[in-house]
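Next come two complexes built around subunit A: one with subunit B, the other with subunit C.
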Partner chain A sequence: MLEIDKLCYTSKLRYVNAGEKCFFSLASVILCIVSRSVPAALLLLIASTYLTVRRGGISVKRWLRYMTLPLTFLLLGTGAILVNISRTPLDAFALPVGSLYLTGSRAGVLQAAQLILTALSSVSALFFLSFNTPMTDILGVLKACRLPRLLIELMMLTYRFIFLLLENASAMLLSQDARLGNRDLRTAFRSRGMLASMLFIRAMRQAGSLYDAMEARCYDGQIRVLEEQRPPRGREILSIAVFEAVLLLLALLPFAAGAAGAGAWL
Partner chain B sequence: MNDLILEARHVSYSYGSGETPSLKDLSLSIRRGRRTAVMGANGSGKSTFFLCCNGILRPDEGQIYYNGQPLSYRKKDLLSLREKVGIVFQDPDMQLFCASVYQEISFGPLNLGLPREEAAREVEAVIRRLGITPFRHRPAHALSGGQKKQVALADILVMHPELLILDEPFAALDPSHVHIIRDMIRDLEKDSSPSGPLTVVIATHDTDFALEWADEVILFSEGQVLAQGAPASVLTDRELLARASLDLPGVIKVFESLQAAGLLGADLPAPKHLDQLTDYIRHTV
Partner chain C sequence: MTNKSMAHREKLLVALAGVFALSLAAAPEANAMHIMEGYLPGGFCIAWGVLCLPFVLAGFFSIRRTVQENRKALILLAMSGAFIFVISSLKIPSVTGSCSHMTGTGLGAILFGPSCVSILGVIVLLFQAILLAHGGLTTLGANTFSMAIAGPFLAWGLYALLSRLRVNRRVSIFLAAALGDLFTYCVTSLQLALAYPSQQGGVAASALKFLGVFAPTQVPLAVIEGILTVVIVIALESYAQPELKLIGYYREVK
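Here is the complex of A and B:
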């Protein structure tokens, strides 16, 4: 998670308008999931990879490493769809085990492939968003979408304080290690317990101080801040519109083909 | 207009009943346009006093006067007081609440009710002025301690306070950032708010800095004012400084030992900084 946070601040696409990036990834994900179209999923997978690796400047190795994580889950998860236990062998493959078969149908194989592809392409689009867009920019988009103020303020503070909490925790852990606080399981348990309670106390104290500091700057219960505007560019909007149109076309293709086929049959 | 910008009369405060009071019958005054150094050991009540200055803490006893008026603790009055009194906190991590530097600095001006365009202009101006441009696009958690301090200072300066309080601005900074912050503080003297010159109050343990910079020194000890006066008299008094757990300034130590050795005239006034001492030596030799 911390690595992703670092990546998005160095991405070459960081200063592209965040609304565009959010729209691109969310619209594409919705189209792919709703249609389950294989060509659309393939196209999206290629597009997010191209955008993140070539345009965003994130290394191929890193991209593949992040993509293998969901892929592993998907492969394990789709096993259930792929493999049946049955007395009669199905048409794709069949492995005899005693009097039963571990077997799968062609339709099942296709369905599993479709599922994996759809899910993987959706994940890639979300990775594109999170690798190239800092959290603060995403919050700006949510604000523009009129999400409740309270929610946004909470997310903003949480995001900032995750890092302070981690900093505090790692400093304490280091100092415990330096004093042999984690030499065996027993001491480790004790140390972790103390760490947790100290972190809690510090967080409470820090929250108090922060509130004082905000009040000192005339805080009146509403966090108002300026967003740094990155105006959307015409060319980018056009590219995204064309891409989504192609995606929509690919998504509708099976229905169109079905309708045409039905027409010919009639 | 009143010569005193802030005055405390017999102020006492404790963080909870039964706790040892942090401020005990404390009285002091801060003059408009004068550079005031507030000095004293950790836990001597400096930070508590500062929080009383803008009404975040309300004294249990006694009264604080701002521009001759006793502080009112109604919400509206507190907000208008906090527009005029700015505090830069010691630990920037306790002050910065935004991950984005730009958003962080824009918080104050928007709270002052500035229109967005004007607030944006102010934020840009302070970013340029304090040299924040090179790291303005970095998230707060990727800034160094010194950079966070610069942002914390910008947070407050952008609001153009009349009274600027800096709580240990040099704590935990490397020498190069100490220089940057010192230069910024010197630069502040050119500032003036509509109601007159900017009044700067700095809490510090650095007696050399206080001797050179301040017009007035206030020594705190155990929640009380031990002494208030000109740096040349307060900061050369070994006994007073020892009671406040402070060191004699290095310049003064050298100056006194040179006098004791008969190398410098006994009638010379105490030097304010190293350059002045160097001048003395150059003229004598």
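Here is the complex of A and C:
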């Protein structure tokens, strides 16, 4: 039902140590965001595309479809940053509307381009993580980060219940469609109300019976599961370290160039 | 001004409007306004995260107390979180044909109360980022503040106030959900504006710009969300009374 969840179980990188994958995407995203460096963003974009498509085995078509998912937000948001409404035209472009101008400055255009690249590369790193790492592994990493046990348990149960409810919801949606439940807007609203309330009732009933079943099996407030240990490999750690170092170098480049008086790096 | 320049300007405007309309039509999904991964500068990510911390901690402690008293509450909470996630992941019927999602902010606040929603919200937003590619990890703090704290608190406060004033139930649910949604969108616009102030006019002008560009998708969404929440709550009250008692819904209202 959830495509990403299915993808990460079939990924070829599924059995790589989850901590490594989390560290790779988080560290890279943070470096890119803090530096806003264009070369670093390009490198990260290429690296996560390569890792997910070639090494992970996700099809290019699917990768591109997911990369266009945040496009609306990116276009609208960046458009708003780029365009100013003002009485005096700025230096990059100016479009007169009545007595005002829709206008932008060169610095603004540069900032927008930087922002688009940074955001796209960060999204690609997030997709690398979510396309190749099952949620249970990510929860394992969070546990190793010493998050409170209660929170981890709540997340684990929520994750499990999501699929229970999704299955229920999709069956209900299908039967509503089959009975012309989405014929027009009015019926669609009514059907959705019924769906949500039935879903809620089933959720709460199932919670009740689940609790009884767990209680019968000596549930004492803790769920202990056997975790598969996948120790990190030396070669992988080394390549991640090298990659982050290169990224850091690229991120620091403009500062170094600025300090040397070599002028602004794009 | 000559006729020729007018014609030119008109053409430009039409072209611009066309590009704008196309960008909306070509957009695969009009989601609730999750700020995407990598869109906020580092300092802002941390600041919003820190701002969320007291609310999330309060929610966590209240949950811990409840769970210590009654172990079954953990299962109910997890079910509630999953319910919010599933409701927000289903496509909603829409007028324009573009597909969009509910936020579930108002519904969650009305059903479960705001402090509980803050912690469930963090979990739901994390799952949305990883499983649905909505939002992101570094923007989790900002998104939590707008969707799991600001929106629910307003919706819940409004709902409680209107119920106290004995306003028609449908009207008060509609107002709480729709305004909670609108408030979320305003807070998100403000978050973006603070991070990217306009070169001319500063934060205020920038906030207006963000409010303007997201209005065409967000305002209809808020109205739809309001109507849906009314339909859902009414259906719940007529079919699911025992279950609602289980989560303490009636204690809060009466």
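Methods note: the second predicted complex is superposed on the first by the 235 of 266 C-alpha atoms of A that agree within 3 Å, B and C clash if a C-alpha of one lies under 4 Å from a C-alpha of the other, contacts with A are read in each partner's own complex, and residues count from 1 in each chain.
One rule holds in what follows: a contact is a pair of C-beta atoms (placed from the backbone, for glycine too) under 8 Å apart; a residue touches a chain by one contact, two chains touch by 3 or more.
Since the model is a prediction, treat every value here as computed from it, not as a measurement.
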item	value
Side-by-side fit of subunit B and subunit C on subunit A, or clash	fit
Subunit B versus subunit C as contact partner of A:169, first or second or both or neither	second
Touched partner set for A:60, first subunit B, second subunit C, both or neither	neither
Superposed model, subunit A: greater residue contact from subunit B or subunit C	C
Which superposed partner A:145 touches (first subunit B, second subunit C, both, neither)	neither
Spatial angle subunit C-subunit A-subunit B, Cα centroids [nearest 10 degrees]	90
Touching partner for A:238 - first (subunit B), second (subunit C), both, neither	neither
Which of subunit B and subunit C A:159 touches, first, second, both or neither	both
Touching partner for A:206 - first (subunit B), second (subunit C), both, neither	both
Partner chain in contact with A:29 - subunit B first, subunit C second, else both or neither	second
First (subunit B), second (subunit C), both or neither touched by A:227	first
Touched partner set for A:110, first subunit B, second subunit C, both or neither	neither
Lowest inter-chain C-alpha distance for subunit C and subunit B in the superposed arrangement, angstrom	10
Overlap of subunit C and subunit B interfaces on subunit A (superposed complexes)	5, 135, 157, 159-160, 164, 206, 210, 214, 219
Residues of subunit A that touch subunit B when the two form their complex	5-6, 9, 134-136, 156-157, 159-160, 163-164, 167, 206, 209-210, 212-220, 223-228
Residue numbers on subunit B that touch subunit A, as the complex places them	51, 54, 56, 79, 82-83, 86-87, 89, 91, 93-100, 102-104, 106-108, 110-112, 116, 119-120, 123, 137-142, 155-156, 159
Residues of subunit A defined as touching subunit C within the complex	2, 4-5, 25-26, 29-30, 32-34, 36, 65-66, 68-77, 79-81, 83-86, 90, 95-97, 105, 107-108, 115, 118-123, 125-127, 129-130, 135, 138, 148, 150-151, 153-155, 157-162, 164-166, 169, 173, 182, 185, 188-190, 192-194, 196-201, 203-208, 210-211, 214, 219, 221
Residues of subunit C touching subunit A in the complex	9, 12-13, 16, 23-24, 26-31, 33-42, 45, 60, 63-64, 67, 71-72, 74-83, 85-87, 89-90, 92-93, 95, 107, 119-120, 123-124, 126-127, 129-133, 136-138, 192, 196, 198-201, 205-206, 209-210, 212-214, 217, 227-228, 231-232, 234-236, 238-240, 243, 246-247
